[in-house]
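Two complexes are shown next, each including subunit A; its partner changes from subunit B in the first to subunit C in the second.
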Partner chain A sequence: MAEQFIGKASEFKDGDRQIVRIGEDEIGVFKHEGAFYAYSNFCLHQGGPACEGLTIANVEERLRPDKTSMGLHFTDQMNFVCPWHGYEYDMKTGCHVKDKSVKLRKYDVVTKGNDVYVVA
Partner chain B sequence: MSSPRTKKAAPKAAKPSTKAAKPAIKASRAASKPASDEGMTGRDKANFIKAMMEGIAPKDASGKRPPIKVEAPKKVEILRKISAPTPVERKSNPLSDEALKFAARLEEKFANGDFEALTPEATQALMTAICKLYSANAEAGNKFPVVKDRFSVTGTDAMILCGALLKAVDLQVFELGMWQSWSGI
Partner chain C sequence: MDLIADRGRRVQVDELNTSKLLAHAAKQTRDKGFDDVLIVDVDAHHYENESFGEILPFMENEVLKQLAIASRAKGGRGNVAPSGFGYQDMGGRVTRYPLRSSEKTDANGPHRDVQLGNRWMDAMGVDYSCLFPTGMLSIGLHPQKEMEVELCWAYNRWVTEKALPESGGRLFTMLCLPFSDADECLRQVETFGHRPGVRGFMVTTVRPKMGVQDNAYMKVYRAIEERGLVLSFHSGPSWGDHTFQSCNRFLSAHALGFSWYNILHCTNWVVNGMGERFPKLPVLWIEAGLSWIPFVMQRIDHEYMLRPSECPLLKKKPSDYMRDMFYSVQPMEIQDMGALETTFRMMDAENSLLYASDYPHWDFDLPSTIWDLPFLTDKARHNILGGTAHRLFKLPPRNEAQKQNLIKYGNYQEF
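Here is the complex of A and B:
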């Protein structure tokens, strides 16, 4: 495992991402709320490009005390969705939103000055 | 009671066993000799025995060490860059400012679970006006995302409204698909 240079931090706006191939691994690097996250671009469902779909906040249905709906609302948790079949992963952990045991391989991201490295 | 003499005798008794070990080593050295000594000089034999006892020298042709595998540096290739959607350019006019304030009030009502902030009649009027305005802009080439970002409207909300709009004008999803492929809008 070594640090692999993937780009300049200034080239990433918040919400941007980059798909890189490092050796045999294909990795999606996200910038979200100022932090970098990197995951395997190989969906655990059927091998789709997990990091290339929509990024969308988690949706929850809020309920009143009597269990009637207050409508669907977005939460602060950001997810990314595999474009093939809609497998949805938490941006900060790489876990599937409903089944935490399903987890994408996570890579460490190191920033040194303006340089961004993925440890792979 | 043991005398000092008997104590000294014990090490002496051990000596024969160490002496007995030496012939065993000699025997193993003899066994390590090649089966055929033909063509070997005395120096070759000495070198052979030395090699057997000390191990094969690293530079010996028959004992080359396997080359140490050095991991090649991994190739980094940037495949795709996906940019975050850019927000629409903000232009201000009195009606838009009023609409923004009104929308914010409605959002606040919705967040508190108040779905009846607008009467059905008011909702219909607002929906009709917005539908016409957005479509006219799109047909005129002034295209912009219909909602601010991906966190404005859920997929369920969008499907419910789309379905209701299609039903209101008696259209099927198939017809929508055909029209989209013809018009390119």
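Here is the complex of A and C:
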């Protein structure tokens, strides 16, 4: 496993992302709530650029105790969405938000001083 | 560009470039050797409303033309054609919707829609695409029959005189019929049926009242059959239809609607013996997915055996007539692989199924969705992706390797 330098930590703001190309592979690196997350940029649906689309909060439907709906609400969980068809992945796990068996390959990200590396 | 995400948060994404967006599709094309396979996309779209400035002047009636053009003038509030409501873009998650206007094309090149078409076709390894409109798929909901006729006429003139001629033959079409007026349908078949790039005619199936078995349409079907052209039925959703007004999610209305309208009209087509009346007319059912097909086959075969007096024209089971027709593959429900394999078997997919992307719409399918199916023979792969369409639409191979593959799998014909 090689470490690929992707940039200076100080240059990543929360919400930033970078697509790293290593040979034929592509890895999407996100900074979210102070932490780095890195996943394969190939969507498990039809191979779209999974990490290049919108980042958006997860949606939940809240129910009252009597099971009536209180409607749709954004939660604190952040997702990223493949722009081809809308496959939506949990930023912290890389799992499809509705089927955890659908999981993008995850890569480690290490920080050495101010330098950020993805391990691929 | 910025897109609006949750709670007004802005997310920066690149401006749209179709070639860049589909770079992974281009990789699949290279990896799988699609250049050697004739691939015909029987259902792709453009946004014709962006060209209404060019289209509307082709309207014939001066008063209706003035109404339509004036409604689009600056400050105008009118809609020229019916527009469905919904959330195709999933709140901006499918980024090519909100970013479409940001895509740059060559002002000195062919029509913008042709340039965009070339980008997605090249990326996917598609050789030919059947170009359909988008908004006009709802033309059957227009309350004015005469405006439906005028808009179809204007679009059909524009697409055959302006758009297709600039595509170098890679875009073809099945022209939109004003199905509310059978006499006008016939006039448009007679007027446009011989034009280059016209391989058939299309009925939009989202209509409040439409019986494909009505006697008024027999002359239209006969005219299409006599010309060796294809009759297609393109489905769509209609959330406002009373059937779907109880759906509180776009997903529900969309998933059911696209299947429902083809279920409805295909059933009427089969039960009324249209396959016996027009045995040489190729009929193609578009954009309803595939899972409805075994459902309808089983339902109407079952009732056919119980109520034969209601379908005296049929000489074989309804499902046999369904296997005589054609179906576009998209959006293919790849969920239960065993069920999908059974569906392919029941519909004789090797001979009846045609690849379709539906690009750029949100649930498009790449050629790899067919290519990678584990249960298909090589012949079935080649037939579905383009071999059957090659024969149906008379589209020549674009290189020698494609020709050799067409020969290898028994599809090649000289035109």
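The working rule: the second predicted complex is superposed on the first by the 120 of 120 C-alpha atoms of A that agree within 3 Å, B and C clash if a C-alpha of one lies under 4 Å from a C-alpha of the other, contacts with A are read in each partner's own complex, and residues count from 1 in each chain.
Following the convention adopted for this analysis, a contact is a pair of C-beta atoms (placed from the backbone, for glycine too) under 8 Å apart; a residue touches a chain by one contact, two chains touch by 3 or more.
Bear in mind the structure is a predicted one, so any value in this text is a computation, not a measurement.
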{"item": "First, second, both or neither for A:Leu44, with subunit B first and subunit C second", "value": "neither"}
{"item": "Larger contact residue set on subunit A - subunit B or subunit C", "value": "B"}
{"item": "Partner chain in contact with A:Met91 - subunit B first, subunit C second, else both or neither", "value": "neither"}
{"item": "Touching partner for A:Gly15 - first (subunit B), second (subunit C), both, neither", "value": "both"}
{"item": "Partner chain in contact with A:Phe74 - subunit B first, subunit C second, else both or neither", "value": "both"}
{"item": "First, second, both or neither for A:Ile56, with subunit B first and subunit C second", "value": "both"}
{"item": "Partner chain in contact with A:Val109 - subunit B first, subunit C second, else both or neither", "value": "neither"}
{"item": "Where subunit A meets both subunit C and subunit B, residue numbers", "value": "15, 52, 54-57, 74"}
{"item": "Subunit A contact footprint on subunit B (complex, rising order)", "value": "73-85, 110-113, 115, 150-151, 154-157"}
{"item": "Residue ranges of subunit A in contact with subunit B within the complex", "value": "2, 4-7, 13-23, 26, 52, 54-57, 59, 62, 64, 70-74, 120"}
{"item": "Residue ranges of subunit C in contact with subunit A within the complex", "value": "3, 5-7, 11, 13-14, 21, 23-25, 27-28, 90-96, 362-366, 368-369"}
{"item": "Touching residues (chain side subunit A, partner subunit C) in the complex", "value": "15, 24, 42, 46-49, 52-57, 74, 81, 83-86, 88"}
